[in-house]
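Chain lettering (A, B, C and D) follows the sequence in which the chains are written, and residue indices restart at 1 in each chain.
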Amino acid sequence: SDAVAEYALQLGDDALILAQRLSWWISRAPEIEEDVALGNIALDQLGHARSFLIYAGKRFGKTEDELAYWREEDEFRSCHLVEQPNGDFAVTIVRQLLVAVFQNLLYTELTRSSDETIAAICAKAVKEVDYHRDHAIQWTLRLGRGTEESARRMRVALADLWPYVGELFVDEQLHDDVGTAGARPSTLRAAWDEEIAAVLADAGLDVPQVPDAMARGRHGEHSEHLGYLLAEMQVLARKHPGASW
Amino acid sequence: RAGQARFDEIIAKDSRIEPRDWMPEGYRKTLTRQISQHAHSEIIGMQPEANWITRAPSLKRKAILMAKVQDEAGHGLYLYSAAETLGTPRDELNDQLLSGRAKYSSIFNYPARTWADMGAIGWLVDGAAIANQVPLCRASYGPYGRAMVRVCKEESFHQRQGFEILLELANGTAEQKQMAQDAVNRFYEPSLMMFGPPDGDSPNSQQSMAWNIKRFTNDDLRQRFVGMIVEQVKVLGLTLPDPELRFDETAGQWIHKELNWDEFKAVISGHGPCNAQRLARRREAHENGAWVREAAAAYAARQTEKVA
Amino acid sequence: RAGQARFDEIIAKDSRIEPRDWMPEGYRKTLTRQISQHAHSEIIGMQPEANWITRAPSLKRKAILMAKVQDEAGHGLYLYSAAETLGTPRDELNDQLLSGRAKYSSIFNYPARTWADMGAIGWLVDGAAIANQVPLCRASYGPYGRAMVRVCKEESFHQRQGFEILLELANGTAEQKQMAQDAVNRFYEPSLMMFGPPDGDSPNSQQSMAWNIKRFTNDDLRQRFVGMIVEQVKVLGLTLPDPELRFDETAGQWIHKELNWDEFKAVISGHGPCNAQRLARRREAHENGAWVREAAAAYAARQTEKVA
Amino acid sequence: SDAVAEYALQLGDDALILAQRLSWWISRAPEIEEDVALGNIALDQLGHARSFLIYAGKRFGKTEDELAYWREEDEFRSCHLVEQPNGDFAVTIVRQLLVAVFQNLLYTELTRSSDETIAAICAKAVKEVDYHRDHAIQWTLRLGRGTEESARRMRVALADLWPYVGELFVDEQLHDDVGTAGARPSTLRAAWDEEIAAVLADAGLDVPQVPDAMARGRHGEHSEHLGYLLAEMQVLARKHPGASW
């Protein structure tokens, strides 16, 4: 249905924007092992994005590339959290932690989706996301319990990104429409809170007490960052309309 | 000395030296320099291609390019490991790179100006690298040879992907084809220079060949490479920017235009368009990552304490 | 007390208090808070517009926008100076901003999503600011009033430029017109809320009016503003997103839709789309600049030594 | 003549790209006074760029905006130095120093251009550029003689940017073609070297000993940075071909 396609688009856009952000690190990571690791994660996310976009595109009569390169900013459905800039390594790790724990819960749930394609994509993706989650947790521990400086940076990163957590768990009309093919985000919040709290406690970090931002990426109302990201991502494809690569 | 005798015997049998074997200091030094330069080249070589990851014009190409650049990081890692077996730790090798004391393949000091460069780098630069490296799979130093086996397997994959990028462009719009030709024009000569100076100007080659590190001379390898790309460029429907290029039947070899060795030397000695940029970027990544590595080390030390 | 009597006399004559004059602590505190909030608003208010400087769609518009954002920095500077005359140093005022203890105009916690927002911000946000500020040119505190005279002159210029941006868009392509209408839709209600809560909910207004700081109530100012934009929107050929909007002849005032004060309070208390981003960006600029300010201070100290 | 128009294009492109770089600082400077100062300088450079581009465009039948927004990367004529990223404040100041001293010498020379328009633009611009030069010198002194950290950053910035100095002084065919309407860059080098050496000496900094980079921006062969800058600068204008703003 259109609702399922819209839903796939959301999932795909989150993964696509995150992949685009993460891919920047390749050749810039703190150690070469991390060029590899972040590259892997970016590649996984890009793979998931492609699966979701191909599926959504079937319904809309568009290819994955038409969706990625020819939509305008307000047609994207990504959440603000994945749009946030990479910042320093701590910001990237915190963003990864918050997103990967969420994706892991969500995709696990979606392996039981009544939509076979969604279920199949998520069955494959969830194993990879589980690694992303593990990667983020390991780094959260290292940085949280590393040096004073690393812990300080983690606290700043947590406070700066936390405002965009709330959006992940907002139930929308779309979740009604998509029914058992999807999952109601609000139902994942408790498990997410619990897991994040445990990781942060292990890392010696506090759950930040900062207000949620009003963020309506699912309605095409994005952070100010997305426009820049899209300008760069789309620039070449748009110079050559109709070309194949 | 028994060590020397045994070393000579292994070399004579074209068998392999392993890290614990005795080896002449010159052999150790030559290999350390060569392997680490190779590792540095993989790491610096990520930059021109990383320049197009975020702008790749299709998601499929983006994925392929990301995987490729990531592979290069992987190659860097196993080459550093191979170099470390010779006794120099990775930190020191990295310092040599950042301080400008160590070299890396000069080709990466050219910019990747357009998307077509992703094709030309794959096809020509990786192609030349493979021509250089395939014989190194039989290098007398075991860890190096084995690392090269892995590297070559992935590189030939990369080369094919580069070729495919160019093929797609060459069969695309007029602008795309022009972009492809322009990239080939820019990378042709530098890729031929990747094999190093003509044999007459390459004083260290002989020793390396005697040690079974190097198997063919620079000019031999260049010949093979030219022979290969001459055929492949026809498939692409592009041309090589070398009006003098022809096969001389009498000499049994390819005649190509005089290569600009002055430019080659200039680029090697720091005057390339991107030398400063490549090193600055590597230094920046290293410095920005210092607090992360310190934190990781502090954490690891504490974990070890706990266990102990 | 003679001071109090003299102060009261100045206020009664609607004359001006100067920095050396005695003033009640409450007056000093109220003004310090108000002027510094106003300064903070200029500084934070640079961000939504700076978001479009590098992407401005014509060089002329880019120049105008750069000049405007730069003016805001200038306004910030003279407002901080005015606030400092009341005894609180700029560093401390800046700390209050960065630590989140000080407020700034809540409107800047909305994103500038499209180029048309440059128009809507100029027309509606600067328009509302002017309506608020023109009476402040007669504020009883001299340095504040004088700063406001300069600010208002530039702001009205900015407002006209914003209006021109919208006018151009509204007369442009269908997409441009749509972009303009969308921006007006998004900024209409927040701009009406810039005047603060309805008079019944604005406990401090009365004291400020008694002190000749505030000259009109929130609702009075809002009425004037609505009256103004109702006329101007016709020239633009756009509409205000308020189906209930009408002039009630009997009451002699504009009736507009119920404003979303819950959202207003939420945004003020940190829940706006950009509160976190705006403060983080300001903190980052401040932290990244720390070494520069230290160097400048060290250099200045050494110069003073030399002279002495 | 076409040569004069080409020459104006070069001058304009340097100013345009520099203005674009500098404008990023507005709202991000180390102190608000610098938001104002760098904003002023950016605005001046943009003003010069517009004058030069309008003049060049007359010959080519193009508006300033067509030239700024619709040329491809290889049609730009900027030098690599102005294309270099802002880096930290030290990098921006060093770039300003190197460029402003150059522009000041060049524009002074060009006030005597046989081309009246070039002479007139430069007569106005040179006063502003003289302020840019002064601003850069003052900051070079402060940072060079400020703290150890500021001096260290200045040394790094000098070494990183110096490779792009050589390009400023390369005589090209165009300088022959343009004749007395222009100035041969090589003739400005000695004065530039002398002035920079004096400023650096005052600031307690050494003239870097690093090799020049091969840089051929005047031939449309740009640094890898320019593409990103243009993608951002041109994105909105290009979404609306033919629109006016």
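The rule is simple: contacts are C-beta pairs under 8 Å (C-beta built on N, C-alpha and C of every residue); 3 or more make two chains touch, one makes a residue touch a chain.
These numbers come from a predicted model, not from an experiment.
Student: State which chains count as neighbours of subunit A and simultaneously of subunit D.
Tutor: Chains touching both subunit A and subunit D: B, C.
Student: Is the number of contacting C-beta pairs greater for A-B or for B-D?
Tutor: A-B
Student: So how far apart, in whole Å, are subunit A and subunit C when each is placed at the average of its C-alpha atoms?
Tutor: 36
Student: In whole angstrom, what separates the CA-based centres of subunit B and subunit C?
Tutor: Distance between chain centres, rounded to whole Å: 58 Å.
Student: List, in ascending order, every residue of subunit A touching at least 2 other chains.
Tutor: If we look for residues of subunit A contacting two or more partner chains, we find 227, 231-232, 235.
Student: Please set out, as single numbers or ranges, the residues of subunit B touching at least two other chains.
Tutor: 55
Student: Between which chains is there touch?
Tutor: So the chains that touch one another pair up as A-B, A-C, A-D, B-D, C-D.
Student: Could you list, by residue number, the parts of subunit B that touch subunit A in their complex?
Tutor: Interface residues on subunit B, with respect to subunit A: 43, 46-47, 50, 53-63, 66-67, 69-70, 73-74, 76-77, 80, 115, 165, 168-169, 172-173, 175-176, 281, 284-285, 288-296, 298-300, 302.
Student: Residues of subunit B touching subunit D in their complex?
Tutor: For this pair, the touching residues of subunit B are 48, 51, 55, 111-113, 263, 266-267, 269-277, 280.
Student: Given the complex with subunit C, which residues does subunit A contribute to the contact?
Tutor: Against subunit C, subunit A makes touches at 73, 159-160, 163, 210-216, 221-224, 227, 231.
Student: Quick one: in the complex, what on subunit D touches subunit C?
Tutor: Against subunit C, subunit D makes touches at 16, 20, 23-24, 26-36, 39-40, 42-43, 46-47, 49-50, 53, 64-65, 68-69, 88-89, 141-143, 145-147, 149-150, 153, 232-233, 235-237, 240, 242-245.
Student: Quick one: which bits of subunit D touch subunit A in the complex? Just the residue numbers, please.
Tutor: Residue positions touching the partner: 72, 227-228, 231-232, 235, 238-239.
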